[in-house]
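Multiple structures follow.
Note that chain A is present in both complexes that follow, paired respectively with chain B and with chain C.
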Partner chain A sequence: MSEAIKDLLYRMAEDELILGHRNSEWTGLGPILEEDIAFSSIAQDQIGHALANYTILNEQFGEPVPDVIAFSRDEKQFHCCQFVELPIGDYAFSLIRHFLFDHAETIRYEALALSSFAPLGSLAKKIKGELKYHVLHGDLWVTKLGQGTEESHARMQTALNEAFPYALGMFEPSKYDEELEREKVTIGETALQTKWLEVVTPILEKANLVLPKLSIKDRKYGGRQGYHTEYLQPLIDEMTEVYRLDPAATW
Partner chain B sequence: MVNESGIGYGTIAHDGSGIGSDANAVAPLPLAGGAGGGSMETPTPSRKREGNTRQLVLDALSGVMDPEIPTLSVLDLGMITNVEVEDGTAHVRFLPTFVACPATSYIKSNIAKALMEAGFTSIQVDLETEMSWTSDRISEHGRKLLEEFGLGAPVQIDGTLNFEQIEHVACPYCGSENTELRSMFGSTLCRSIHYCMDCKQSFERFKPL
Partner chain C sequence: MTDSLDPRIRRADMEHAPSSSGLVQNEHWEPYAVFHQDKRGEQHVFVGIVHAPDPEMALVFAKEQFGRRKKTVSLWVVKSTDIYSFQHEDEDMFSTVPEKTYREASGYPVRKRINKYLDELKQFEKQKYLDIEENV
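Right after this comes the complex of A and B.
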């Protein structure tokens, strides 16, 4: 059982760490001041959520301390989905990714709030309240820009077409799904994806955006097994640059 | 030394005059807010010096301020869930607000420092993991202090947060309800940005959570 929970914690922590790092790239560059602050705040939340998951790994399962886990591995050891690794692109892409990701996170943490694994259950109860601000922010801007001008609509639709195959990679099935579900730790990835589509589809419709038709082979799987895009290792190199100068330094 | 690394607890023990080991006090703090507080231990019968030593801890905690809102103490913010003095050790349970709040370890070490200055030689500050912090835990007094500081106060959410609660707030400067939400994210994780249509001021608000 502990292998299954560890795998789950790594997947969640790594999605949040990597996307948190990506979203922080908007700090100082956001299209308007409020959005600069919003993306920076969302990034800060995500890195905090990653830290909380890594802390459970450390305290409950004897894994290394969070900084060591986060900063001293290479891409093959990361369990994040490929979706979170992609560069920030234009603002439309970052916004669509934030919208799709935070709805998935909300559904994930709502299920985890009922978890039989108490440390994750109590963390999830706390995080799902914070995620409310993320999804309301995403919904607001996706709707506003989807319904906006011809150009804003076209940019959002293009971003959605690019993001969607990767977004499905958030729900790449795990060999532990059945065990996690049986032991009432959480619900499986397929069930999460179904709930997620039920939530995002009506909002996208309201924004006049259409989910692209995909075949099964278009789904971008592999991240959970350590198969990543060309973008992850450069991100890790940048993220760990200072840490690697002196891994034993006290801050 | 105080262990400041994330979840866990720190213990300070050093020589010095302070509270005698016969001082015993075990009693819960009143919860600041209504909903979302979770259960508390029931008070045990008073013993010798209970009132004194426990009050010393509370007095010390009332001087530990939030670094981002320096007029509000950890008590006003509902960040303390239990205070006990047992066999000369001051035990405090501390509940951080937002998961990613960067001030968590700083506040925790400030609590230990304040108790040391109040004369406790043995101090234990534990992170509360049994319950979640909610803005409903901010006391009435705390809400007043927020407004005096120039921040809108969060409304009671009673366990369910919706857009109306996030959007609606009275202006802390003129009291007008005619305000508009400008951004759900402000200068710190716990603040949103609003604008008052009457006194034409931008202001920040402590977010309901």
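Right after this comes the complex of A and C.
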């Protein structure tokens, strides 16, 4: 059982860490000051969620401390989906990814609020309000730009077309799905994806955006098994640059 | 135009900017006044402004701008142009107010009565304490 929960914690933490790092690349470069602050703050929240999950791994399962887990491994040992690794692109892409990801995360934590594994249950309750803000922010931007000018609509639709095959990678089935469901830790990836589509589809419709038609082979799986895009290792190199100067340094 | 060394930065091309501004819809966002409430039942207090294309976005921005560092239970946003104000040159309307001390609560003799009551209360507490000491 503990292997299944550890795998789940690693998957969630790594999605949050990598996307948090990616989105923080906008800090100082956001389209306007207010949005720069909001988006940076959301990125910080994501890294906070990663820290919370790594802390559970450390305290409940004797894994190394969060900094060591986060900063001293290479890409093969990361369990994140490929979706979160992709470069920030233009703001349309970053917004669409934020929108798709935070809805998925919200649904994931809603399921976890009822978890038989207490540390995840209490984390889910703690960050509920943060996630509520994240999706409010994402929904508003996606709707406005989708309904906006011809250019803003076109850019959002292009971003959605690029993002969607990778977004499905968030729900790459795990060999532990059945066990996690049976032990009432959480619901399986396929069920999460169904719920997620039920939530995002009407919002995208309102934004005049269309989900691209995909065949099964278009889904970007592999991240959960350590198969990543060319973009992850450079991100890790940058993220760990200071840490690697002196891993034993204390702050 | 000087290119930034950071590939993510695209600097504005000031030299070759078009003479007509070519504004698109909503490019000029409006200022919204933000009012912050730190406890239910307390007043919402003006804390600053955000720029936004509409009230919903103003709220979303205000949340991080003014609600991320201190305790917050609610925020209001109001379009700055919807706030009506006196001109500063009309300040003379208020100029004689400091002279009108009879409008202040301190101008009433009630203060003396309050102090007298407080003294009595102090005496009473002291006496009670002494009584207890005696009994012990």
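Simple rule for what comes next: the second predicted complex is superposed on the first by the 251 of 251 C-alpha atoms of A that agree within 3 Å, B and C clash if a C-alpha of one lies under 4 Å from a C-alpha of the other, contacts with A are read in each partner's own complex, and residues count from 1 in each chain.
Operating definition for what follows: a residue touches a chain if its C-beta (ideal position, glycine included) is under 8 Å from a C-beta of that chain, and two chains touch if they have at least 3 such contacts.
Remember, predicted model here, so these are calculated numbers, not experimental data.
Novice: Following the overlay on chain A, give me a clash-or-fit verdict for chain B and chain C.
Specialist: Clash: chain B and chain C overlap once superposed on chain A.
Novice: Please indicate which partner A:Ile127 is in contact with in the superposed arrangement: first for chain B, second for chain C, both, or neither.
Specialist: first
Novice: Who does A:His49 touch here: chain B (first), chain C (second), both, or neither?
Specialist: The first partner, chain B, only.
Novice: For A:Ser41, is the partner it touches chain B (first), chain C (second), both, or none of the two (neither)?
Specialist: both
Novice: A:Ile203 in the overlay: touching chain B, chain C, both, or neither? Say first, second, both or neither.
Specialist: neither
Novice: Return the chain, chain B or chain C, that is in touch with more residues of chain A.
Specialist: B
Novice: Figure out whether A:His137 sits in contact with chain B (first) or chain C (second), or with both, or with neither.
Specialist: Both chain B and chain C are touched by A:His137.
Novice: Just checking: does A:Pro119 make contact with chain B only, chain C only, both, or neither of them? Give me first, second, both or neither.
Specialist: The answer is first: A:Pro119 touches chain B but not chain C.
Novice: Can A:Glu25 be said to touch chain B (first), chain C (second), both, or neither?
Specialist: After superposing on A, A:Glu25 lies in contact with chain C but is clear of chain B.
Novice: Going by the overlay, flag which of 81-89, 99-107 or 189-197 in chain B ends up clashing with chain C.
Specialist: For chain B, the listed stretch overlapping chain C after superposition is 189-197.
Novice: Once the two structures are superposed, pull the chain A residues common to the chain B and chain C interfaces.
Specialist: On chain A, the residues that contact chain B in one structure and chain C in the other are 34, 37-38, 41, 133, 136-137.
Novice: In their complex, what parts of chain B are in touch with chain A?
Specialist: My answer: residues 5-8, 98-102, 129-134, 161, 163, 166, 182-187, 189, 193, 207, 209.
Novice: Over in the complex, which chain C residues touch chain A? Could you list them?
Specialist: The contact residues of chain C facing chain A are 8-9, 24-26, 29, 50-53, 56-57, 60-61, 63-65, 68.
Novice: Provide the residue numbers of chain A that touch chain B in the complex, in ascending order.
Specialist: Where chain A meets chain B, its residues are 34, 37-38, 40-42, 44-49, 51-52, 55, 59, 65-66, 119, 122-123, 125-127, 129-130, 132-133, 136-137.
Novice: Give every residue of chain A touching chain C within the complex, in rising order.
Specialist: Per the touch definition, chain A meets chain C at residues 25, 29, 32-35, 37-38, 41, 88, 133, 136-137, 140, 144, 148-149.
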